[in-house]
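As written, the chain order gives the labels A, B, C and D, with residue 1 at the start of each chain.
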Amino acid sequence: MAEKNKFGAGIWLFGQFVDRYATDAYGPPVDTLQAIDRAGEVGELVALDVNYPFSDASITTTQVRAALERNQLEAIAITPAIYTREFQRGSFTNPDAAIRRKTIDLAKRAIEVAGELGAKYVKFWPGQDGHDYPFQADHAQIWEYAVSGVREIAEFSPQTQFAIEYKMKEPRVHITFSTASRTLLAIQEMGVNNVGIVLDFGHSLFAKETPADVLLLVQRHGKLTSVEVNDNWREWDDDLTVGSVHIIETLEFLHALRCINWQGPILLDQFPFREDPVAAARASIRTLKALDRLLDRVDLNQLKAAQDAQDALAAQRLIQNLLIND
Amino acid sequence: MAEKNKFGAGIWLFGQFVDRYATDAYGPPVDTLQAIDRAGEVGELVALDVNYPFSDASITTTQVRAALERNQLEAIAITPAIYTREFQRGSFTNPDAAIRRKTIDLAKRAIEVAGELGAKYVKFWPGQDGHDYPFQADHAQIWEYAVSGVREIAEFSPQTQFAIEYKMKEPRVHITFSTASRTLLAIQEMGVNNVGIVLDFGHSLFAKETPADVLLLVQRHGKLTSVEVNDNWREWDDDLTVGSVHIIETLEFLHALRCINWQGPILLDQFPFREDPVAAARASIRTLKALDRLLDRVDLNQLKAAQDAQDALAAQRLIQNLLIND
Amino acid sequence: MAEKNKFGAGIWLFGQFVDRYATDAYGPPVDTLQAIDRAGEVGELVALDVNYPFSDASITTTQVRAALERNQLEAIAITPAIYTREFQRGSFTNPDAAIRRKTIDLAKRAIEVAGELGAKYVKFWPGQDGHDYPFQADHAQIWEYAVSGVREIAEFSPQTQFAIEYKMKEPRVHITFSTASRTLLAIQEMGVNNVGIVLDFGHSLFAKETPADVLLLVQRHGKLTSVEVNDNWREWDDDLTVGSVHIIETLEFLHALRCINWQGPILLDQFPFREDPVAAARASIRTLKALDRLLDRVDLNQLKAAQDAQDALAAQRLIQNLLIND
Amino acid sequence: MAEKNKFGAGIWLFGQFVDRYATDAYGPPVDTLQAIDRAGEVGELVALDVNYPFSDASITTTQVRAALERNQLEAIAITPAIYTREFQRGSFTNPDAAIRRKTIDLAKRAIEVAGELGAKYVKFWPGQDGHDYPFQADHAQIWEYAVSGVREIAEFSPQTQFAIEYKMKEPRVHITFSTASRTLLAIQEMGVNNVGIVLDFGHSLFAKETPADVLLLVQRHGKLTSVEVNDNWREWDDDLTVGSVHIIETLEFLHALRCINWQGPILLDQFPFREDPVAAARASIRTLKALDRLLDRVDLNQLKAAQDAQDALAAQRLIQNLLIND
């Protein structure tokens, strides 16, 4: 039986959600400290990915540390907000050199905060980098900006671990770091060894990848920094509760995590627009734990035999025995 | 506890598969009689949807009836092959009036065969009707051809039940009868009462419908003639084994079938290119039966309460209790 | 040569854009009156679809009328905001009867405002109605709520023209009024004759419809109230400038509008997150006018001959002669 | 003004098409020699990608060479048929070592034929390599097979140029070499320098890539062996005529080919199921030539300025001036 999984979450799960229609937001404002307290309420989280800057300029790192401590949470990651109004035309790939510089500067402040909070990695989610229209961009230039921007930060702080969370689109219609393979290529071009990947199960699904497959590919290249989980309908980053649609592929993903002996926490990345965030987090954790217990019951020799033969029906039967065996 | 489900299949599940690459086919030729015997081997099928013409001109209806009888199978449907070479530019909507006439003629022969074999309906699957390119077609004309073609047959044989199996594409890149709603509209325009719908779970998935939802919609309009099941990856009619990817939505579909008190058999529509067809059919039936037993354990009052409140987390918990309760 | 097209826009094109990442918005706040002035700046618009309530409670209908007049704009439609925080769990289909009642009440106020501003129709865009998760909803109940809610308003004010703008998703992951056919079915069930459809080109594209085809279908059923245009990448409502990606299908759509002798304005529905709204509107109008001039040069007899024969290559050649004839 | 483009085609464009429904094929049989003569009829082709084995065992390389010569065609590539019945469960990744060996052996024969016909590269299109179902495969093993299989052949014949044509799916539901980036990663792992990529515009579209973007990425890595063109509806490899749907992105792709100073022929990869192949090839070439002439008229300084500013509206205006300037 495997070590028990640990769980974390992106702090945004506990924040205020807005979209382009409900511009008055899906709920009241939640500041960074309140969001941490909500995360603590879940009762099973050990780690948070924390956005920087914090919700209000008045909130200090000391206050954040205190809030984390009183909720027995670690700040596993700091994610600089390089996707807000200022960065709407790009962060690393912005056509304006001054904004590209601001991106670097914000990343450097995030490195400091990560140091102060003891975070394991600084995450880049460059959701505004890319293009919207045909002919809009010199794609070679965009790629060069993206690669060299991340490289500059990685070289600036070689003792810091960085990670890129790739995603195919939103808010940019076409995001530069779109898939696992493309991000691995970019990291190779950087020529640094402190940049890895945050593999988000949902981003992988709607990039038309097989999540378990790319997990192994990223691991093979030694670049797996963290994993995030949720679910969606394969066309968009719906950020639904874990296993709500693709329970079998979620199970395959958890199995792949066992195969690589993953020790880090599994982070929830959800946007429960219409549900209570604490309840939604608990639901996902409950599912993850139950799926993990199911995996304890798989006969790994039989599964290996089925997979060595690429025998779909045999492999399915083993898995369905877990789910629908009554 | 519900009545036990009965199962049937499209006879093509047991035939020879070809595609545009493996033009030497995925297996040896299988004639109509051999396919029926293979269906019999499954051991749990009671009904077949049989293509007409049969595989060889020499095979008679008498032989087919005998083969069905020795395998304790009924011919629930006859499906005229209005999608072969002759109909490549359309059956009901072919620009050539002579081919439109041949479509009607073939349908009439299918009605006779249905009579001889005691089939419950004649199914139209007009997979070549539609268009491939922008500007190729006068869409109003295509629609008129499609509606009036089916109407003509329905009026020709008012005592026969007909059904249209809609599908979004393949082989035509855009098929005229693409979705449940569109097909319901067409049936209304026909102004006849002996044309219904065959709702294929997989076609529904990749038309971006929610299968359980459109099942209820078709039923609401009194037009549900039959149902077919399989699975796919939401972009194409992969015709995989039941529940292999979308087990939760399959369960929701089976629940919807209970809600409407569906008494007919559930037909398998699979193309196991690389698996043994008999084993693939058995795997799907095994899954369907297991899912059905799970549904016996749902507390319907609790489910109704959750759905009345549109409470996603509560509804999910009830369903996940079935699947991952260990 | 056809009558020249007239153009309008949704007022939101000129407002402030927010999304779930750039929660500080893509630009400064814009109130209803300012948005109207921006629309006036475009110089070629004659009509606006105006959201109600206005941006601030202090803005009066009188002020709005004055702003429209000084910009030589008519309010062609009033669109009640039934998709904000209060309606996050649905408007017509909300599980809470009190919210369903508020939806009706807001619609009634929109009818009054439409009367005061001389608008031609009241538009419903029920983007929060539907479901997010499997098993979340009793689909039959949701459908019943949607149909009966719109019917109640239509019967309340039989002299008012209403229209439903269908869309497959966003913000709801699965929206009830998802496609043209489904919405036509719902309107038929309502049994009223003052509810039509607003056909949005982009919504049609990403619902996997052929826009020109469903335009003719909606017209055939006598339910075409208005049309909106934009572009996207076929998976999401990107609301890009007209013809930026699908220029050939845009041309086919404009051709279909000529076929039905469409006299109303063509409305722009864009979200130029990263572009100047006035410039983006002008770009779309410039494209629409240029495409319209191209259509003047089509030999309609040749096109009819090609379409009667469903001859893709001949039809394409005619169209490409317009675009790439140098 | 640029050098004029040269054109080639996959020989399959001129062959017999079959699919899983029209199992009696869309036309009569066409042997390899007849297909070459059909290609010659087009009148503007200089190169063919030729499948091996030829259509009949009796056809010799000498006959093929003669057919090519009399039609003034070169065999630019030899593509071994590693996707037929024998390879249905995979070629390089087949679970059966004997079939993996047969793949290697067939590739070696293709190398010989390529030598005899003077072909520039041997192309692998491993359309059966991958998986269909969750849990079916040990993804790490599949990847290892794919990488080591191609490597073995590349090392066996270091003087031969090889190329992988990636594709997301069909006939396998999930193909191993799915995207440009993933294939680049695999080639890096091979550690050889005689394996490149055939970039198919349509495969790129439905892999959700931007074709012009990945063209530059593959070139940046020095791995662009050849390019193929066609069109589709972004979800499937429809293999339509060039520019029939995505004319703007086709133009962007041709512009990118100019940017890298591409000198090789542009190959047509079409499956005109319902059109005359010679006419369909001519239509695509006519479009390609016309688009190329349009590109002569682009003000490259203005385009560069627009792209440096990532100014979508300015870039679009330049391109639309080419297409809709009357």
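Assume contacts are C-beta pairs under 8 Å (C-beta built on N, C-alpha and C of every residue); 3 or more make two chains touch, one makes a residue touch a chain.
The structure displayed is predicted, hence computed values, not measured ones.
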| item | value |
| --- | --- |
| Pair of chains joined by more contacts [C-beta pairs], A-B or B-C | B-C |
| Identity of the chain that, by mean CA position, is farthest from subunit A | B |
| Interchain centroid distance [CA atoms averaged], subunit B/subunit C, Å | 35 |
| Subunit A and subunit B, separation of their C-alpha mean positions in angstrom | 40 |
| Set of subunit B residues in contact with two or more other chains | 89, 132-134, 233, 241, 244-245, 248-249, 274, 312, 316 |
| Touching residues on subunit D, where the partner in the complex is subunit C | 233-234, 241, 243-249, 274-276, 279-280, 283, 286-287, 290-291, 293-294, 297, 312-313, 316-317, 320, 323-326 |
| Contact set on subunit D toward subunit A in their complex | 89-90, 95, 131-141, 143, 168, 174, 178-179, 181-182, 184-185, 188, 207-208, 210, 212-213, 216-217, 220-221, 248-249, 251-252, 255-256, 259, 303-304, 306-312, 315-316, 318-319 |
| Subunit B-touching residues of subunit D, taken from the complex the two chains share | 16-27, 83-85, 88-89, 127-128, 132-134, 169-171, 173, 233, 235-236, 238, 240-241, 244-245, 271, 273-274 |
